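Each of the next two complexes has subunit A plus one other chain: subunit B in the first, subunit C in the second.
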Partner chain A sequence: MKMELNEFLISAEEFGQRTGPHDAIVLSSRVRLARNIVGIPFPGRADRESKQRVLETVQPAVESLPEMKSHFSGAMADLKAVEKQILMERHLISREHAAKGAGSGIVLNRDETLCVMVNEEDHLRIQSIRPGLQLKQVWQRIDKFDSELEAKIGYAFSDKLGYLTACPTNLGTGIRVSAMLHLPGLVLNEQVNQIIQAVNKLGHTVRGFYGEGTEALGHIFQVSNQMTLGETEAEIVERINKVVLQIVEHEATARRTLLEKKPNELFNHVGRALGVTAHAHIISSKEAMNLLSLLRLGISMNLMPGLERSSLDELFLLIQPAHLQQTCGEKLASEQRDLVRAGLLRKRMKGVKGVKPPPEPSDA
Partner chain B sequence: MKMELNEFLISAEEFGQRTGPHDAIVLSSRVRLARNIVGIPFPGRADRESKQRVLETVQPAVESLPEMKSHFSGAMADLKAVEKQILMERHLISREHAAKGAGSGIVLNRDETLCVMVNEEDHLRIQSIRPGLQLKQVWQRIDKFDSELEAKIGYAFSDKLGYLTACPTNLGTGIRVSAMLHLPGLVLNEQVNQIIQAVNKLGHTVRGFYGEGTEALGHIFQVSNQMTLGETEAEIVERINKVVLQIVEHEATARRTLLEKKPNELFNHVGRALGVTAHAHIISSKEAMNLLSLLRLGISMNLMPGLERSSLDELFLLIQPAHLQQTCGEKLASEQRDLVRAGLLRKRMKGVKGVKPPPEPSDA
Partner chain C sequence: MKCSQCESPATVHLTEIIDGKTKKIDLCESCAKEKGVTDPSGFALADLLLGLGASSEIESSGEGKQLVCGACGFTQADFKKSGRLGCPECYSTFADPLEAMLKQMHKDTLHRGKVPAHLKEQRERGMKRADLQMQLEESIKAENYELAAQIRDQLKQFAVSTASRPKE
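Let's look at the complex of A and B:
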């Protein structure tokens, strides 16, 4: 009997309860590998039959690995639109993959930390994602998984070029190492563009995850490597890890600076976010992301007794359109979602008292 | 022994507790008369000595009238800047009068419903103000007061032109009849500019009390007569009263329409206003006026159990710069006022539960 996706997925509550190193600032660490099967055209060039052959080769091979002992496996053509969107909202598949139909598929492990997209831009896009800053652990794990899979599938590989990929930007290692960072302190301190420029100069990419610069939705930024050639995977992971640690340090300093130098502005931002979240009757997902971001900042600074980071991270997921519709058990138009979202947030914020400034450090 | 102004004034709480007909929409009714003493130049043309003479003639005459049995009487030169601003915030004196020094003065009755400015633009500006729609009562009272005063002071009067005034726009009756209206329903329904135009075409003046059109601060508008010639005072009062009653009807309809056609937008506006008022840490007086205006709307529509109109009207006064400084007992810079104002509002909103939609009318 085949399991439905929504029975397989962990709950938003469980999703929010996951923890990891530096998770007040680093939302998640991700490594993905682009791989292709030797002798078959890349998905963009392949006919339906070739793609089907890839799917039928890759899915059983992936499913047979120990990491995938319990898994969800499916063809994109069989998934409902809302299911695809839920996978997207959990960052398990790309927007491009969600748009795929016949010939494309996914295999997802039990705790949603490992996901293989079949026939996205490449035949295989293997990705591992974990909460907090765990790039090295994520890399070691995906490396082992990739080796086990390579023993079963003949990857397209050139001694001179490395792993062959549909797009030359992925050629060589085929690796994309990234971390999703929550940087409200740098945004409120008006330092984030400066940091972005500095990191980009080092040859990495930092950008708003859902928008540019200070306009980044939810103050969420993604750091990733630009180059996939000329360095080993371990070196790339090490470099991104180092950059992330530096940004984490800057963000932590920015938060301390806000509290020391502009406490009222900080309390005002966080307090207003609570007030609106607790009392609005219409909230778009974009506004909700920004409000929750400020509340998450408040929690990390002990300004919000009665509110837990895990609830916030659960809400980050629940306010997204597909999750909201799943919670309601029905399809909702955009205007209806804004009402339901506001209702959900009001309910969850009931009883939260307001910003409570931390006690002054005593001199004793 | 002379009484200090702050000992004489009624408390903001008492101020907020005053009621009047239609006070959910009509904040106050006001009539003022411009009068001058025969044989002395208008204040703009008078030398110091002449102005002093006017003050010494007018103040004792006013104080001797029965309405002024208990009164505050003072020279503008003797009032502190904060005291003048408090009188302005209570709409008892004009901004122009607050700027006056030697030779100008005021006499104010016990319940702050009757105030005479001496040497403002004219030698006397007599005004009576009451909460709600009470234009006729206010007119009758000020007419009686004016007659009693006229018996003691020789007014500058021409059989052809009527009462002579410094500015020709006041010539004749010297009367300005006005009502201060709270029109959030028309603003939210985007009908207010239409109403303003219609009323202006009738030859009256409607304008935002602290700003223009839909930008009017606190959704507060003032209706007043433009012409002071060619009609009796009673006719002018009657016409303004009629116009106000029509606007009141439009505003009431707009509020019902909001509740019936756009309830979620209404709850959203009022809810957000509550959320921000209850949780912000920095609020300017302008923003506070707009927030309190929306809460006052919510109260008038029974959406805000636990919050009374009288508290709102008290807060409208308390958040103004001079009242805020008087409450604190010290002079505060603008940034400090924004903090103190937010603190006051948070304290007052504690325990207010949020917007509670009224029960659906039952079919039974």
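Let's look at the complex of A and C:
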């Protein structure tokens, strides 16, 4: 029997409990590869029939790989709107892919660290994600997976130009290396724009929470490479890794500075975030994300005894519109969601004690 | 909302629908003017996706005649409009207009990354051969005929071993 997506997905609780290096600042590391099949038009140009053929070729090939031993595999046309949105809220598929219907599909592995989108902008978009800063490990893993897949699928490849992609901006390696960063310290210190500009100058991209053209909700930023041709994958990974480590250092300094120079402002932000989440009756996902972000900051600075980072990360996911509806088991209008969201937060924040400033360091 | 080209606030919001795909772009007054967005008919997404001047690059090449991909029927106009290509073969069809664009967009125009395993050997042989060919030309230019003869022998060997390789 075919498994339903919501039975397959790991719980938000489990999702929140995942850990990785530097995870107080780096939420996740991701590498995606764009690949196409030789002799077939790219999805944007292909007719329904050839898209279907690609889907029927790619899905079984991907499913047969050892990393996909336990998997969810489906056609986008068979998924409900709320299921697609859940995948998007978990960053497993892009917004563009969520909008796809007939001829497009996904294959997802057991622990949600490996996902293949079929017929997004390219025939295959293979991506691997892990919590914390693990770009090199993620690259090694996806490289291996891609090599296994290439033995089964004839990729479109040119000696000179490398892997051929629908958009010339992905040409060559077809790689996008990105890290999702939580930067409330830099935002509160008003330094984040400087950092964004510096990163842009290096030829990298900084984006909001849900990728291209989205806002930096919850003080979350995505850093990724822009150029894909003329360098090896390892060089690109190394460069992004370096940039991320530098930003991590700046963020850590910004957090320390807040505590030393503007402690009252910091306690006020975190304390108010707790107050609102613990007592509000109507709350939008945007407001909730920004408040949870401040609480997450408080936790990382040991200001919130009794509140765990894992439960915060779980809430980050649970307050998203589709996850909220899944928890309730019914479709909710936006106004209803704001009520249910506030209810969930009140329940989870009940009994959480207020901000407890760390003890003054003694001069002795 | 900020302009997608510079940091100024965006005042022009453009939506273009290509093959049922919606693309939204936000621009400030001056960038909009610069790109001719005030006249939507003269505006190409290629410029935004692929960098300034990309659409005129696409248009000016091909010596006046319209390039069409023999494999998928994609035209120069399609490319200009969508900023994307139709199929892998398009990269040969549009090689000329792409060349300058890729130079601007990427670190280099030659792929240095991963190569599928079954092409690796073939590719390495090709590169070695090209290398020998270059050495040969250089040695002839330098009138080093002894070296040239040696390289020519190596190249001959190369041709023989390639020919005797069983076809896959």
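Convention: the second predicted complex is superposed on the first by the 356 of 364 C-alpha atoms of A that agree within 3 Å, B and C clash if a C-alpha of one lies under 4 Å from a C-alpha of the other, contacts with A are read in each partner's own complex, and residues count from 1 in each chain.
In the analysis below, a residue touches a chain if its C-beta (ideal position, glycine included) is under 8 Å from a C-beta of that chain, and two chains touch if they have at least 3 such contacts.
It should be emphasised that the depicted structure is a prediction, and the values quoted were computed from it without experimental measurement.
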Practice prompt. Using the overlay on subunit A, decide if subunit B and subunit C clash or can fit next to each other.
Written response: fit
Item to complete: In the overlay, answer first, second, both or neither for which of subunit B and subunit C A:V355 touches.
Response: first
Worksheet entry | Superposition-derived angle with apex at the Cα centre of subunit A and sides reaching subunit B and subunit C, degrees in steps of 10 | 130
Response to the item:
In this superposition, the partner of subunit A with more touched residues, subunit B or subunit C, is C
Practice prompt. Give one of first, second, both or neither to describe whether A:D159 is in contact with subunit B, with subunit C, with both, or with none.
Written response: second
Worksheet item: If you stack the two complexes on chain A, which partner ends up touching A:E150: first (subunit B), second (subunit C), both, or neither?
Response: second
Discussion item. Quick check for you: in the superposed arrangement, does A:R95 touch first (subunit B), second (subunit C), both or neither?
Written reply: neither
Discussion item. Tell me the contact category for A:K347 with respect to subunit B and subunit C: first, second, both or neither.
Written reply: neither
Worksheet item: Thinking of the overlay built on chain A, is A:R48 touched by subunit B (first), by subunit C (second), by both, or by neither?
Response: neither
Discussion item. Can you work out, in whole Å, how close the C-alpha atoms of subunit B and subunit C get once everything is superposed?
Written reply: 28
Worksheet item: Common interface residues of subunit A with subunit B and subunit C?
Response: none
Worksheet item: Can you list the residues on subunit C that touch subunit A in the complex?
Response: 4, 19, 21, 24, 49-50, 71-72, 74, 82-89, 91, 98, 101-102, 105-119, 123, 126
Fill in: subunit A partner contacts - residues on subunit B that touch it in the complex
264-265, 267-268, 271-272, 274-282, 339, 342, 346, 354-355
Worksheet, complete the sentence: Given the complex, residues on subunit A that touch subunit C span 36, 38-42, 44-45, 96, 121, 143, 146-147, 150-151, 155-164, 166-169, 171-173, 175, 213, 227-233
